[in-house]
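The following block contains the structure, expressed as structure tokens.
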């Protein structure tokens, strides 16, 4: 790719979120990620502003673009109507499309993320769903949630949910025709292609790292080197 | 019989133009909405760079135009085009036929409540540059603590801010902030003074000296980062957040007083005048000069002239220079040269 | 010839005797102490040199020329030279002649060392012989010489400019006592000898004076008070001597053999440094020489004040004076006794403790491994040259023109040579930098290294050990290229004045080569003060505390000196001088590399066309 | 703090909210973690307030979380949303109310993008047609469910049996509000009260008798961060942000927190547990945490619902001290019982955080 | 205790109110021109040590104003003096650095 900046400019989020940056730092001042990660969103926009492909490519390969929590607090404050969070979404999209995401530890998380959410959406119609919720990966949900998961159907019934039931209601079973429509949307709008892309790039990287795809995915999910957070 | 020239606005631009027109043998008629002359300058305490008294300046200028017709608390109701010149109808019932009108309607100070994140009007100790000048003038302000330990100045409040609708730089705020920071340090020698800036635009004569002086003699700390958010702590102090862009880290500070350097925005009354007299308005909301280099005091209508901040942000000396220039252009226009 | 007192004693000699014993004791104690302060090696070296015939002769000659005849002063200003040598040499002669008299007439009294001094009091009719009258004549003659010197000294107190000195140091109270007692000694001697001339005899000065005195003071009772006064003056002078600048008289006699023994100052306060401090005669020649003196605020910061404060132990002022100096070396160049002002300052800086120690472990040393193998010339431009890019660019062009294969080791930044750190007194840090560079350079495989910055050059030649590598200054190198015909000169039309950079001229003794090089390419003019007397540009890294604003005056003064040449442009051979002058100069300032590049062609050029 | 100053700002940010006929879509997170809240939303609006709030079983996730985790492209997210709009159009509604703040923000962002770039809207219509043969109209009004509860807050207050007042001292309960970032930070004019001083939750607290307490880090994100939470490796980010909020809140004596965003409510509850387990620190009184409520839970309490019907047993932070303060009657033994008081055991108790 | 697999991260935010600036004030009393730094970065751009250990005098002064430990940067300085040459405010940077190295404890 010769013109990364031009490629970014095609993204609607970039069109909305990138104008000109005066490096005032209002974004970083209130950025949750800037406070706990070694991270400065202002610099991202500043780098993009250079339109220098080498610098942008470095960004696409780095952990930096994956720290943002997309809370969009930055959008509120920018005096130039930029949205660094939006710019980052465009950068991430480009990083995924070009396969740069596998170069960084945080970028490699795309594999477990893609699997979790696309599977939940396509199989159940939900982004998050009890059937795919493993308490051991979510110990922060507490003993109360362990109890809830252990007695899922009874507990949900007590809450007035319509778990896996027909018709409307909480956690209802989403009809198959609706799920089929979601699948069709995925096919038409490039999500299916995106899944394949992420898997292919990840597989290649896993081989390079000498890991099985499962190990690669698991490592991406739970391993954090100490270079990300403040010491 | 001396020829009438209507001057809309009795700030320093209007006053200076009236003085020059009197000298050139005209009968200037100054129309001022407020009950006093001098506009914003009359509310100020001291003027940079020589720390001259603003009141003295206004008083002195007022003394020089006692022979002019001055209508205070008066507005312009209509401006009608005559075959030769204009008929200006005033809210006090007076109508004036004249060949030339000078618009010196000035600016408005940005309404700082619109930068909601700074909490002007919400938090107890947030004031504006104008409030501080008012306090310097000896008027009490309960928002200013008796012995503040830390005072912050926020540059570019409502200036250079697309979200606030003003992309322009207000020119004077950087210097005003430096001046006020020094003055605050003189009032409160033990206080720490911080200026939060994006760029320091200290372009005028002696301005940079003020900056060096503020750093060296007064220990004012300049922090390159726009304040993003202000909160109030339990003890009523202010917690501000900015990025210390020079170190690339988020920065917090607790302050006892925060001064917002509210910028200059176009006077909405100027838009009304523009409608009456079919004048062009620029993209920034200010009146559009005939030409921004050689014709700054000219308008798109014959016989209508501009002076001062009605066409954009100006310093006091620039305003005075424009007023003189406009007076001379009016003279030439009436003389048909 | 009759001896007047069989005891050979009179109480009036006591003040002299007390002073003499005190001063001798003090000196002996001082010498012993200093000898102990020297390192074992240095002490041995010194003692051996004293008995080595060659250095022995040299010591005598130097002491005679420097301490008595003040040959260097003569060169600077004849009046000043005469004034000093008349007093020093005259007094020496009087003392010598006194001893000859005693040995000649009363050899048994030679052990009484007041005898030669007060000979005329103790004897009668001493001029009755030929030898006697000749000696008495000489005595009067040298007394006259001394008196003329004293007279000049008095004139100098009020009109120092006549002696080529604009500024002189303000003497302290003790120094004033010393000075006035010194001045008093010789007129009093004249009085005393004149009063006794009808008894002891005299010559052309004392006999007529005796006659005059006797016309109205016929009583011999007046004789004794004058001898008392003479003795007291001597006694006072000698008792205050250790606390005044006159200490330089014995100290210089110590300094000369130590210098001739090849000793180096190693400690800021002890040993050789101590001798240098005491050897400073407070003449103040360094005040005018010091480039900082253009600013009144700096007048008390030149070497004469450093030695004074070192004697007083005023640490605050010592630090101030040590830090401010540009280390241009001019005070040392003009110093009559050879006080090494810059070195003393650097060592005083080195006394300071720093809580933050440098750590250069982040600097990799393999960056140039093998880069200059195969006979490539290694070129080191130095940090400052990066701020004057024309130097590096011109050097590059010269290498190309001359067909030299080269490797520019610090083109994109490199390790500092270490000299700034060294002159700041952080010696261990400087040594670490030297180690780093040494490793880098040795790994490069070069056999020749060209250095264009004189600051670096001095450092490389003095502090580095680079076996197998020839370190060449670019002036020499460019000259070689011209000699070998690899560069063909073309004459330029501008007239240049060459400014001697401190580090190159006084620092490395390179004065003539740059002029020779420049002379091949253009016409050159000389500034009023040049070579060893060249004025520092004011940009020197030597000074730690001089502010930017204070340096401007110095630079302008240095420029004014260069303007006296009426040249069209300024040439120099130091990036720091170039950058500093360029800031205020009213005419072009060029580095030699730039000039050589401008006015030479490559050898191959005509052939290849 | 100058209350009038805030009132002035609130006046500037009011949006038009139709009183009836809403097309309701559910939230993934809330269905999972606050099932009873969603249930009570329909109960309250339909039964108590008698409003027309329509739901179809055919609607799905909006894909917002997947989108913000970068797992699906923007066009996919937009087309899923277009399908949701198509279902609304087919059902004959034009007022759209999502239960999720991420969705709400997603919808607004998409509508704004379409507004600014109509060619993108056309493209999405095409894609939707291609994939599902559906067509849609854009909603006329878009509100978040908290907007509706805010809109009807005074009607709820009229029917209230409990007020947010300490029934012993008569003092109003000291409550903090926490607004989901995507509610108004991107488009301040779309939120009630704007981005800086949102009024949507504060209005409910005030109407129902409580006192809103402001604190310096009120506006700070809870730390969900989408991928930051969903990947275990990143969760230090999440807990650190909530920690920062609670540290800032600590001196204010806050008795409960009201939220309008699914994630915030869950995380501000659970991270208190994690912080207590990891550092031993708790933020409420007597070793309890500070309970965090959804607006339906709070409305339900005010309206006199049984707290266990409201799902408060699924909070890790004990709600009982708060219930006691405002005088809610409840059966402590029934907390963990199933339907028809069936015994389904009870959760273990945490080490440091006091629970029942 | 439960192992959650993650922990709290320290905040990187600088707190001006809590920053210990005594060292900076002490430096300013020895080198008053330290106050006149306007953060232009000329010194950092030309710094000989910068490429090796990140030395930046601008950051050193800023770090002191924020109460940070700047020793790791300071250690790399070779006193070459280029920063003095380029400083637009004429700060005697070498003296400043030496003073700082001296007073650090």
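Just so it is clear, A, B, C, D and E label the chains in written order, and each chain counts residues from 1 on its own.
Please note the rule applied: contacts are C-beta pairs under 8 Å (C-beta built on N, C-alpha and C of every residue); 3 or more make two chains touch, one makes a residue touch a chain.
Bear in mind that the values here come from a model prediction, so they are computed numbers and not experimental data.
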Both-way neighbours, i.e. chains that touch chain D and touch chain A: B, E
Shortest chain-hopping distance from chain A out to chain C: 2
By number of C-beta contact pairs, the top two chains: A-D
Centroid-based (C-alpha) most distant chain relative to chain E: D
Chain whose Cα centroid lies at the greatest distance from that of chain A: C
Chain centroid nearest the full-protein CA centroid: E
CA centroid of chain B to CA centroid of chain D, Å: 45
For chain A paired with chain E, centre-to-centre distance based on mean C-alpha positions, whole Å: 37
Rounded Å distance, chain B centre to chain E centre (Cα mean): 39
Per-residue overlap in chain B, given as positions that touch at least 2 other chains: 117, 224, 229, 241, 244, 249-251
Multi-chain contact residues (two or more partners), chain A: 30, 34-37, 76, 140, 222, 224, 229
Of all residues in chain E, the ones touching two or more other chains: 2, 4-6, 9, 11-13, 33
Listing of all chain pairs that touch each other, if any do: A-B, A-D, A-E, B-D, B-E, C-E, D-E
Touch list for chain B against partner chain A, complex: 117, 156, 160-164, 198-199, 224-229, 241-245, 248-251
Complex contacts: residues of chain C adjacent to chain E: 323, 352-360, 362-364, 383-384, 386-387, 413-416, 418, 420-421, 424, 426, 429, 433, 539, 541, 544-549, 576, 579
In the complex, chain B residues that touch chain E: 150, 194, 200, 211-212, 215-216, 219, 221-224, 241, 244, 246-247, 249-254
Residues of chain E defined as touching chain A within the complex: 2-6, 9-13
Touch list for chain E against partner chain C, complex: 33, 46, 48, 51-53, 71, 74-82, 84-87, 90-92, 94-95, 98, 100-105
